[in-house]
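Mind looking over this structure? Questions follow.
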Amino acid sequence: MSDPKDFSASMESDFRKTPVRVAFVTRRTSPAVKFRDEDYVMTFPETLIRAAVAVQVLVVFLVWLALLWNAPLEQLADPMHTPNPAKAPWYFLGLQELLHYFPPVVAGVLVPGLVVTALVVIPYFNINIEADGIFSKDRRRRLAICWSVIPALLVFLIAFDVYVAVPATLLIAALLFVAQRTPADAPKGFRSWLASKPLSFWIMTWFLMELMVLTGVGTFFRGPGWSWVLPWRG
Amino acid sequence: MKERAILLVLLLGMSACAKRAVDAPASGAAAVPSGAVLTEVSGGKQVTRIGALLDQPVVVQLNDAQGTAIPGAVLSLSGAQGVKFDPASGPTDATGQFTTLVSAPGTSGRFQLLASTTDGKVQLKVEQVALGYEQLLGRQLSNQYCVRCHDPESTPERVSNMDNLDPKPHAFTEGDTYNKFSDADLTAIIGHGGPALNKASSMPPFGFTLSPSEIQALTSYIRAISDPPYSDTTRVYASK
Amino acid sequence: MSDEIKAPTTPDSGELSRRRFFVKVGMTSIAVAAAGTGVFAYQFLSPNVLYEPSPVVNAGKPDRYPPDSVTLDPETAIYVVRDPEGYFALSATCTHLGCLTAFKQELGIIACPCHGSKFNRDGVKIAGPAPKPLPWLRMWLNDDGELMVDRSNSIATKQLVRV
Amino acid sequence: MNGLRSLWNKFFGNSSRAFGSMSVILLLSLAIAPAKDFFSEWRHAQKNYVKLIRTRADAVTLERHVEPGLQQIWHPELGVVDRCTTCHLGLKEASLSNVTQQPFAKHPPIPHSLTQFGCVICHRGQGTATTEREAHHSTDSWEEPLLPANYIEASCGQCHLSPLRGTPTLNEGRRLLASEGCARCHNIKLADGSVVVPTDDPPELNHIADKTTREWIFAWVKNPQAYAASSTMPNFGFSDDDARDISAFLVAQSTKGPYPARTVKAASSDPNTVQQGASLYGQSFCASCHATQNAAGNLVGGDFGPELTRVGSKLKPEWLESWIRDPATYDPETRMPHFRLDDKQVGLISNYLQSKTDSDLLANVHLEPATQKQAEHGRALVLEYGCASCHQINGVKKPENFAPDLSRIGSKPFAQLAFPAGVEHTLPNYLTSKISKPRAFGAGLKMPKFALTTPQVDALATALLSLTSRANALPASLRIATQHESHYQPAGKAGQLISDLRCFSCHAFNGRGGTMAPDLSWEGSSVQREWLVDFLKNPNTLRPALIRRMPKFNLTGAEINTLTDYILTVYQNPAFDRDEIAPSSLTPQLAEQGKQLYYSKYSCQSCHMIDAQKDKGYIGPVLSQAGLRLTPAWTYQWLRNPQALRPGTIEPNQHMDDADAKALTAYLMTLKLRAKQGGN
Amino acid sequence: MANNIQHYIDELHQHRIWRSVFRSGSGDSNLHRAQAVQSNVFLHLFAVKSRRRMLEFSATWYLGALTFGTFLVLVITGILLMLYYHPSVPQAYADMKDLQFVVSSGVFLRNLHRWSAHAMVFLVFAHMFKVFYRGAYRPPREFNWVIGVVLLLITLLLSYTGYLLPWDQLAYWAVTVGSNIASAVPLLGQKIRFMMLGGNSVNANALLRFYVLHCMVLPLTAIFLMAIHFWRIRKDGGLYAPDKPAKEGTK
């Protein structure tokens, strides 16, 4: 890679040198190479052309979408008459589904507020910095917390009739159980992969699954009066 | 390979048979012998508003060549765009008759109904008239001012005066008489009365009672219901 | 694919030229698309329907206008002039830069407030920077006996509508 | 497989190739949008139109009229943007009258100009749309499809709130809204703010037990049309038990009426007496208002009062006699006049009417004595079904807002309507099926089934479809407001007589009253005193062809004088003086001249009779006593312009000159044949 | 012929005016390429070089680039649509109809705008989850993650404010419900809603406010934050690449 004959100092030269790190070894540090510097490419054109192709594919997709399907347009706004059901845009339907169960101050303000706050503070709480498996350290205490929080969450969800959120929670619990039962020296595979996942992974995955379930339910399975309907029985 | 070809031929044959079985008239429908004749019993030449139901149902009769009624044969009706039938098809009754209610299309003018047997071999055309706004207005005016003398039929509410007049007025449906007049002639007779045009003195002038547009509406109505139909010969549409 | 990424700096010359060709094709298509977008934008930007009042104006019954008078309708920017022989319509928009002119009753002339152009009541320029006389507009009587003026249709000859 | 892969590699093998290929694909995709625009539906229609007119003789003229591109009619004050003329290019081309191919057909003549009102004001649909589907049919964004031709008159009704000659269906529908009792349960407000006032006359039920039996009530409530086919009372579909309980309640709530009890002779079945009653019934012209079924089952007589075919099975004799004697004592609001019959006459008519029974009607009705519980349930039913919306019932208040408001039913969105199975989702279909089969919309619904024919249902739907939001939003200057009936009430003794005789039921005076008989607002200018006195004593008809005739009221001489004085002084036409033509100016020579005109120039004998033997004209009134009946001034003015004195009269305006009118007047004034007493 | 054209293009590229505008050529040398990035006001937000393994599709799924792509599409179509849009009641709805029926390709642009908006929301979410699962929010990239979260909120707000603009039933009731959720905020709820709608109900004022937010405030904020977002990628050491064992790195 760093063939010296490629190097010359003139302005017209095609310099192919990759940056070289120089480590200063002091008394308190010791040199140890963890991994080598990587292979770099020019941003222009290598990265940009790929990005451009990706965007082109997307735009072609959107253009065909726009050619084939018209954007929805309903009747002129009529304050005297609420359509049934009055649905928000799809990305808010998870929230609207929550509003079906909880008072607005909880589902409309508290939950989204907490989620946003949580997202903002994630990097500052050193969560996932080590990226160690959830039960790899402090196992006993963490197990105790885990197996008390999940049932409490389930009871809470059922108390508010949020049955739609239960399966995903149970699935996470089941996977956690698998992760817990996986020995540290398990062979590489799904189980060891699960066991290596940190707490933040589990919370985020639960959140993602609930988001998808609630949005999916709100989008496809809710009809007049926010009652259950089957989308294929239109 | 050979077996496959035979199988294919067999399958094709079977499906063809099945298709014919499906296409065949449903069992129970009487066959229509050749020489059968469809005749109009009642409901022809009715006058109604555009889009409205005709007052009387249209009744047609299916007879065979000997004049005996054919019961149970399926007849169907069709018409111009917008004409509705209730029902549009069905079997003839024990006396060989088929009755249907007809709604006029959305455009004014004469429209035809075609009654036919399912195989389409025996057909009958029935003509009706749908009145547009102007003709409807004409009919209203006619009912108010004209029919007492120009309609031979009496009703309890309105006794016809036609027989009392000499010369007798012509009924508005008499196309043979009215089609000879041009639009201008008709307008003049209605507006100026009979004597002014050397016609019967019993026809009074209506030009001071009706407005020009009302007289035009009346003319339009008379044209619409005349039998045989009026065709405007002053306008020739020749193709280039 | 991964092979090519591994050795991007040592392609054979044929591959290199093909590459250039494709990039050129790409750039040309994008240039064509940009040009096409220009045409497209022109089409898009020129409205197909206009929410503007009809150029044909109903100026009302002729006896609305007193004999030998010039009447300005500011809404439609036309003068209806009643001469002893008949009626005619003049555009009230100054031919100089489009200001709305006014008829000076005491002087009997039409004057533009913007740059001082003056016209007589036939629309002929008397003074000022206006390059052309005020155009005569087509005028006719409709079936109800009302004066109609087509603002989009100016007439060259001085045709009066006689009532 | 390999071929595909190499093809893939060729075009997408590396980033440059992918960039090049994707750019081309992007270019092509983007180019489709304007192409789609170019091949639009309306451009296609315009091309076809040009193709069509090129084959015609007047192609040059027609092509000159074609303006390519999108067309728009914009009416900001009507709130309308119409682009219909983009495709409907031949609307104004008179020479295309034989083209039936849409969208190019010529529009039939209407009284409004296309450019003045646009299209959607009348036809509805979506005027802004430029595709057939969006313009004509209902979509997510526009629920209002084109109005079917059958109901097109509904659109006229948006501005024309008073009857219009060209819209018989709409007029009929509006009449039915008032006369079939729709407006008693539903609030129906027109765009000018006026409310539809019911014109039917449902009887009050406070004293119903005096009038009829529980058995009859039972049979009636079960099926009103079984008693009288022409009844406006709808069928509520009550079960036997419900009908029993309602009859129990109605009888229980009934109180004794406010009229004097009289001894009543038992009805006689003597055929002679019945025959006398029948002839008195005929002489009193009861059939002018009341109908009876004849042997063929057809109704004969007027529809102003209730049908009397089976009246003997309904009414109690003592009530009937009291009613015939003076209806107003039982019902002060009734439209039936006070006939001033003596006891013998009352007995004869009552006896005749009681003979009109139908043994089948109540044959199967056997009711046990009512229990308290039944009456209570009956009351609950009466409340539930809003009986008090129409009838006065003791202890039951008229319910408010009993049925949905129909003031904007013509713009009701589908989303707010529930359609029964098998009904196409359009507003006209909803209305017609709701009116004709109300219970198909759900078993628990209250709306009863009215005995209406299909044309009547269509007329009602037309009237309802005219009640749109747009009608309310249109500028008031476009509205032709409803004609309100005046509250004119003549004063004094004569005024009392006029209301006692219920003259307003048939005659109109100063904008109030019925249309069954001539308008009498200017009667004082028209007739001579002597004739009027004679006429009131013994009304004989002037028009031999009429079946509806003025009944004889058996007035006293004083009453006749009061009425005559009043009519001759008050009901005068302000346009002329009734004495302006002196009888002396009408010389015999002039009369002779008039006679010539009468028989030759104007052929009056075509419509009028003078000599019943010789003349046959059936249309106008008989003129044999014109000289006794009419004043010369009225006759003269009438001949000059009959429409001015009575708008809508059949007699055409002959545009007679002064001399002819004078001569004819002179002639008519010589016709003084004395009518024999008793009339025809 | 082709040579001639190439000649003229080269001439053009060498011309003084051209050089004054485009400092670098699109030369074949890496130096030129580096200059191209550095001397371009937009491209200088990026590093001159990037890790080869981050070019793999599986590394980023190009979600960030795609999101930016949808944003560009939205800006272009949005500006065009603004030319036929009046933020007033009920003209706004009539304008939708005009776009659909009479403006050349108006319906296409509206569709593209609408679908791109949906795509952008989806892509932003996907981008966020992808970043999270890769752990790319770890220091020193924590602030860039926060900017990302803010951009997510802005995207949602952009989409939501745009939702009202057609003034149809869908828009009206979605916004009515949404603004009532805002009023559920303890203590300040009603005030927030009042400020948001410029009144007590969704009416012409609300439409104008949403219009200004949708067309001015939010896009400008988004562009500003995006610039920082991209620039921070460079400053934080390029696209985050998870640590790899030395043996893999030597490869």
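Just so it is clear, A, B, C, D and E label the chains in written order, and each chain counts residues from 1 on its own.
Note that in this section a residue touches a chain if its C-beta (ideal position, glycine included) is under 8 Å from a C-beta of that chain, and two chains touch if they have at least 3 such contacts.
Bear in mind the structure is a predicted one, so any value in this text is a computation, not a measurement.
Between chain B and chain C, the least number of touch steps comes to 2.
Centrality annotation: D (chain centre taken as mean Cα position, compared with the mean over all protein Cα atoms).
Distance between Cα centroids is largest for the pairing of chain D with A. Most remote from chain B, judged by the distance between CA-atom centroids, is A.
Contact analysis places A-E first among chain pairs (by count of C-beta pairs in contact). Separation between the centroids of chain D and chain E, computed from CA atoms only, is 65 Å. If you average the Cα atoms of chain B and of chain E, the two centres end up 67 Å apart. Between the Cα centres of chain A and chain D there is a gap of 70 Å. For chain C, residues that reach two or more other chains under the stated contact definition are 5, 23, 40, 43, 48-49. Residues of chain E in contact with at least two other chains: 52, 55, 98, 100, 102, 104-105, 108-109, 168. Along chain B, no residue makes contact with two or more other chains. Those residues of chain B that touch chain D in the shared complex are 49-53, 55, 80-82, 103-108, 132-134, 136-137, 140-141, 144-145, 148-149, 156-161, 163-165, 193, 195, 201-202, 204-209, 213, 216, 220, 232, 235-240.
Those residues of chain C lying in contact with chain D across their complex are 1, 4, 18-27, 29-30, 32-33, 36-37, 39-40, 43, 48-51, 54. Residue ranges on chain D touching chain B, taken from their complex, read 54-57, 59, 95, 97-98, 100, 102, 105, 108-111, 148-152, 165-166, 168-169, 300, 454-455, 458, 545, 547, 600-603, 606-607, 616-619, 641, 643, 648, 650, 652-655. The touching residues of chain A, when paired with chain E in their complex, are 11-16, 18, 33-48, 50-51, 54-55, 58-59, 62-63, 65-67, 69-79, 81-83, 86-92, 95-96, 99, 103-105, 108-109, 116, 119-120, 122-124, 128-129, 131, 201, 204, 208.
Across the complex, chain C is touched by residues 52, 55, 80, 83-84, 98, 102-106, 109 of chain E.
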